[in-house]
Amino acid sequence: MPQITQTGRHFLAIPGPTVIPDRVMRAMNVPMINIYEGPLIETTHSLFPDLKTLAGTAGEAVIYISNGHGAWEGALANTVHAGDEVLVLESGRFAVGWGAMAAQRGAVVHTVAAPPRRGVDPAMVEARLREDAGHAIRAVLVVQVDTATGVWNDIEAIRRAMDAAGHPALLMVDCIACFGCVPFEMDAWGVDVMVAACQKGLMTPPGLGFVFIGEKAMAVRHARGCTSAYWDWLPRTDPDMYYKLFCGTAPVQHIFGLREALDMIAEEGRDAVFARHARIAGAVRAAVAQWGSGGPIECNITDRAARSDAVTTILTGGIDAQELRRICEDDLNVTLGLGIGMEATSTFRIGHMGHVNEPMILGTLGVVEMGLTRMGAEFAPGGVEAAVAAL
Amino acid sequence: MPQITQTGRHFLAIPGPTVIPDRVMRAMNVPMINIYEGPLIETTHSLFPDLKTLAGTAGEAVIYISNGHGAWEGALANTVHAGDEVLVLESGRFAVGWGAMAAQRGAVVHTVAAPPRRGVDPAMVEARLREDAGHAIRAVLVVQVDTATGVWNDIEAIRRAMDAAGHPALLMVDCIACFGCVPFEMDAWGVDVMVAACQKGLMTPPGLGFVFIGEKAMAVRHARGCTSAYWDWLPRTDPDMYYKLFCGTAPVQHIFGLREALDMIAEEGRDAVFARHARIAGAVRAAVAQWGSGGPIECNITDRAARSDAVTTILTGGIDAQELRRICEDDLNVTLGLGIGMEATSTFRIGHMGHVNEPMILGTLGVVEMGLTRMGAEFAPGGVEAAVAAL
Amino acid sequence: MPQITQTGRHFLAIPGPTVIPDRVMRAMNVPMINIYEGPLIETTHSLFPDLKTLAGTAGEAVIYISNGHGAWEGALANTVHAGDEVLVLESGRFAVGWGAMAAQRGAVVHTVAAPPRRGVDPAMVEARLREDAGHAIRAVLVVQVDTATGVWNDIEAIRRAMDAAGHPALLMVDCIACFGCVPFEMDAWGVDVMVAACQKGLMTPPGLGFVFIGEKAMAVRHARGCTSAYWDWLPRTDPDMYYKLFCGTAPVQHIFGLREALDMIAEEGRDAVFARHARIAGAVRAAVAQWGSGGPIECNITDRAARSDAVTTILTGGIDAQELRRICEDDLNVTLGLGIGMEATSTFRIGHMGHVNEPMILGTLGVVEMGLTRMGAEFAPGGVEAAVAAL
Amino acid sequence: MPQITQTGRHFLAIPGPTVIPDRVMRAMNVPMINIYEGPLIETTHSLFPDLKTLAGTAGEAVIYISNGHGAWEGALANTVHAGDEVLVLESGRFAVGWGAMAAQRGAVVHTVAAPPRRGVDPAMVEARLREDAGHAIRAVLVVQVDTATGVWNDIEAIRRAMDAAGHPALLMVDCIACFGCVPFEMDAWGVDVMVAACQKGLMTPPGLGFVFIGEKAMAVRHARGCTSAYWDWLPRTDPDMYYKLFCGTAPVQHIFGLREALDMIAEEGRDAVFARHARIAGAVRAAVAQWGSGGPIECNITDRAARSDAVTTILTGGIDAQELRRICEDDLNVTLGLGIGMEATSTFRIGHMGHVNEPMILGTLGVVEMGLTRMGAEFAPGGVEAAVAAL
């Protein structure tokens, strides 16, 4: 690894991959072991119940050696085929990307866009689905949180909208940016497929993607087949064939790392983890509001209820966000997220997901305020105090 | 990780995943960093030239977050489509598995089987291809080394057979079990697609698959498209789009681990690495020959020229190989490979690939001999001495 | 290790042992190697010049396997013998402790105490030494920074005072709490013996103590002998006898860790390291001043020039410092230093030495302010903003 | 750390510091924590009972931050003073070194030398002590195993000899080279002081020394004092003063490493650990005997009962042991111990202590045999087979 001069611990405040806890790194730092027998097998099997609990489902789960995009494809490969129609609920960049992946598979992609700087509007979804009287649409693709815009979509309400429209499409949700950060109740909310990955809320180095599968989605797989052996859900959900769980060699070190991360979540408690994320996110928003009271800084998402607890996207107006990020990273030991799919010079993002707490976020906000000060930016100081007060 | 009582260092002599060098583990034990800018980017780009050198190609290379089976699919997704015909050259278990993956994609799979306990016969390949006068066969799938049988196939000769038959099919070779262990000259030998992975000769925890792509194969991709965004070669070979190199989030820690492993290979020297594998493999075969001089033990592959330098599959006749493996693993701190696709009670395997040397293999062989002695097996002692002499 | 539930990275703000950089931990995580030949030898020899540069001396240096108290004894064992008189310059707890160690050796200990909440007064030193017309006092013991009180003593001025008194005693300085954090010029300032350790400014797990030896001190060793083989400077300063450098087995992993830490300091630059410490300390003092503007909180050291840049000791008056520390540690992921040798309920300390930077200190200060708020303490908010402004 | 080109795992077969188990390294790879409160305290206190069990004593134990030589001094500083007489039982290099340390303290050192290439003769000890009718000798210093010669001394018999002589001297035993490898029953055998360290049988990086203290020795400390604060047993055996247990800052990471190592010993079982060492040592001796049946190679210790189970010192006669060691280390990945205090060109040592097992020792012996073969040395092959048979 190219050595970077360190002057104290560097803070990574990007919206994933996130800070890896020492415990997880240590758990992965184990020698290679037998992959056919012994502790690896038991540990692997122990992951699935915990993942399902976190997803709120009694359905099936598969673990891919892949990143989140791989898990997207794992979801599509079992459900969406050439010529199928899908409806993408656009609220930033990622559902659109997932839709493009479906299009590459040969699907016809329709889109309902959220209102500017807001979450998906369930009423628009309902209306659009009512138009599809023939039920040509096979699947609705949506993210719970969009890493680019920082929006949180109300999945439960979208489900109700689909039900109100009486539409049988599968509801497929991308929780990559917020799995393990905010509540998700797959079964209670009527979600058919959920996609996630390990490198954000689950605090594990990138390399594992997850798909959670409800009964209706599994029935589609059975009915329509899957032309990909790698993504196929069937062998991966047969507990008697260990070698097929990962379609070949298991990701040994990642399995032990994920085990440790899930243990950490269990020790803290699922609800406590969610509460911590909400608390930290509230502090970030308080700081942004204070800064913006004296200048152009503001949250990208205008609807307060739709601001995610995992990542905050911040608009800086005439303040050069690229320069701000450069100062923070090069001079002040904090790496902020760059704007993606938005104007890089007037957007930055703060990730507050996974292994994050009060001193980490206060340190990050303090440095942003230092950066703004150094730039002579138009803003109201006091953001960190506002965050302290909010916490 | 469930703790295992350790009484000295455990030896892992399975044919992959293999022993991870301390240097590689240490290189992976790094904090998460920015994935859009900085050292990760440079390090990633540095991998490709070294991988290509090891593969003997000036063509393209892609790195998938996947295991070897994923890389198989990465190769097929760009070249083989529903209705295509492929020819599998069976010499154990793995080319067959790759062929099954093509079949799941909708391809028609033909097979030429190697003679029992021998490598693929180029003459049979030539004959079979001549039968395909209409050139319906799009691709020939073969492994260089089969991890199950321990066979090494002469890829250069197979290419000559294809040329002799004047057949235009792509030659696609799986080197998963031996990449970085034995010579491979992709361009010189006329191979169109080569598939490998990181967890054997490359000494890195499982999680990365590789596909090397020749011009002819890339032309097929351009001509016929790819319905999978994840496996698609095109964005992954565009050096200007870092984010697309891995179709999403990069496998950060694995990138640093692989970098270290490639550095180790470069320090030792590619040819020296190959020579070391040949030397160690020779010692294993000498021991097997000695043991077998007084009983049923023998190498599975009868053709000496076709015994691989990466893994040796050993037949034990009436000696219970399951019991031998149990004694070695539970009582003597050595894990041997089990027979796969063969009778488990009369087969075991010794992996000698990657991070392996004289004392490791002598320790392993010594323990096998101890195990045979404890079982009262019918064999001739002196295997370790034979190995010492061979080395 | 007993697992602690982690909810984000824990901040350790005690005045040592300090946060260990990832690089140092990784450098120590190496397998055991030959201790008589090879890289260990070269690496060991490379440490001494860098340590001496940091200490500002062309004299000798020894590295003990010990903590700082061990290094104290290493200094005394070569210079102070039963019946000798020593003068302790008291400015907190640690010079007194060192003096007690001399007393246990049989020395007669005299003390000059600094004025309350101030550093040692050179004039008082001069006066006391003038009283010792017979030059019975063999050594003057003083700390540069006292970890308990947070005071910084002006060593250069103390030397001048000794010179003004025309007194030949050795000047022996304990820099344990600030070596690598603040300037120290052993030769230029006329210091005869300097004692330090690795676990504070040098960012390495505890286990190494250092003594730097000027010519005059070494002459004392030669003249008067040393009854301890372990602490004896002579074999430890003979570069031709590796085995004697550590009086037996070398501290292998620590040697590699210290090497990495010294590399980090060299990369950043010695002066830049000192400037960083001064900057961070200034931020802490700004926060304390702000908090204290509305209540009893104040720096223990009243003389601004004598406040150390490595640790700040804070008095809380009627605010229960024990409770504050408990809230910060148990609820808010920051461990503060407890008061030592002072009233624990009205004192706490913030360590800001070694691997420390802006976001770390802002996060720490933010949490202290949260803690004060939760307690309903009498204080003026705005401390973090004051720190941001100071930085 | 200077990188060494690795071609497979390097084997370290020196008699300490020994191979560190992955588990121990991982346990040490923990972030710094509070040293005044919490898990460090509990873990520290948990070490003492386990260490005492291993030493077979209900007495006291202290843990020094030091190497073994430091522990020697820790033993002497509390018991032997200037002008005291001590009796060194010479059986190699280390008791002599300990005696030299006593001499530096001002003690008068007498010596009883073991017969050449044998252990200490209890009858000679008895005779010598009887000569000391005035009981001027305060302490008898002896090693259980001498790392240089490979001898094992019968401590129980030496105690009986002292008793037979009716001599009141303290019996002080250095077990550094074999603590945790061979049985030691401090109380049952009547040992007054036992000295050990962590880097051999205890499998932990060098940095901790131990002294176990019987009642009689502690009474000496009380009666005669201790002029060293660092080595003083009294504060270090007061369980209510954590900070004094290590005379200052605790060796945090080492404490967690030692805890893991003691857990490993407990899991395997103390007697099983000893039996393993005896088994492995027997294999080494069988190989040496075989090699020597055709040439000059032989065990240094001629008395079979006095050959230690922790280290074997081997004489090579006219075979150049330096060259053998060079070939094994540079070409064959095994580091052998060099002869110390003996002729380096005709002596080498094999350490078989701590984290050692069948495949490790067979690999080592196999490489030695390879080295001898490459040199064209005069020896009888078949040593590894003899070892296999012995195991």
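Think of it as A, B, C and D in the order they're written, each chain with its own count starting at 1.
Keep this in mind: a residue touches a chain if its C-beta (ideal position, glycine included) is under 8 Å from a C-beta of that chain, and two chains touch if they have at least 3 such contacts.
Note that the coordinates shown come from a computational prediction; the quantities given were computed from them, not determined experimentally.
Undergrad: Would you mind telling me which chain pair, A-B or B-D, is linked by more contacting C-beta pairs?
TA: Higher C-beta contact count between the two pairs: A-B.
Undergrad: Please flag the chain sitting at the greatest distance from chain D, going by CA centroids.
TA: Farthest chain from chain D, going by C-alpha centroids: A.
Undergrad: Measuring from the mean C-alpha position of chain A to the mean C-alpha position of chain D, what distance in angstrom results?
TA: It comes to 55 Å between the two C-alpha centres.
Undergrad: Return the distance between the CA-based centres of chain A and chain B, expressed in whole Å.
TA: So the centre of chain A lies 35 Å away from the centre of chain B.
Undergrad: Please tell me the distance, in whole Å, between the geometric centres of chain B and chain D computed from their C-alpha atoms.
TA: Once rounded, the distance between the two centres reads 45 Å.
Undergrad: Pull out every residue in chain B that's touching 2 or more other chains.
TA: Residues 19, 22, 29-31 of chain B touch two or more partner chains.
Undergrad: Chain touch graph shape: choose line, ring, star, complete or other and state it.
TA: Topology of the interface graph: complete, with all chain pairs in contact.
Undergrad: Hey, which residues of chain D end up touching chain A in the complex?
TA: Contacts found on chain D: 22, 26, 29-31.
Undergrad: Write out the stretch or stretches of chain B touching chain A in their complex.
TA: For this pair, the touching residues of chain B are 1-2, 4, 10, 12, 14, 16-20, 25, 27-36, 38-39, 42-43, 65-70, 72-73, 77, 82, 100-101, 104-106, 197, 199, 205-207, 226-230, 232, 246-254, 256, 259, 329, 335, 338.
Undergrad: If we count contacts the way the header does, which residues on chain C are in touch with chain A in the complex?
TA: It is residues 3, 5-9, 11, 19, 21-23, 29, 264, 267-268, 272-273, 276, 332-334, 355-367, 369-370, 373, 381-382, 384-385, 387-389, 391 of chain C that touch chain A.
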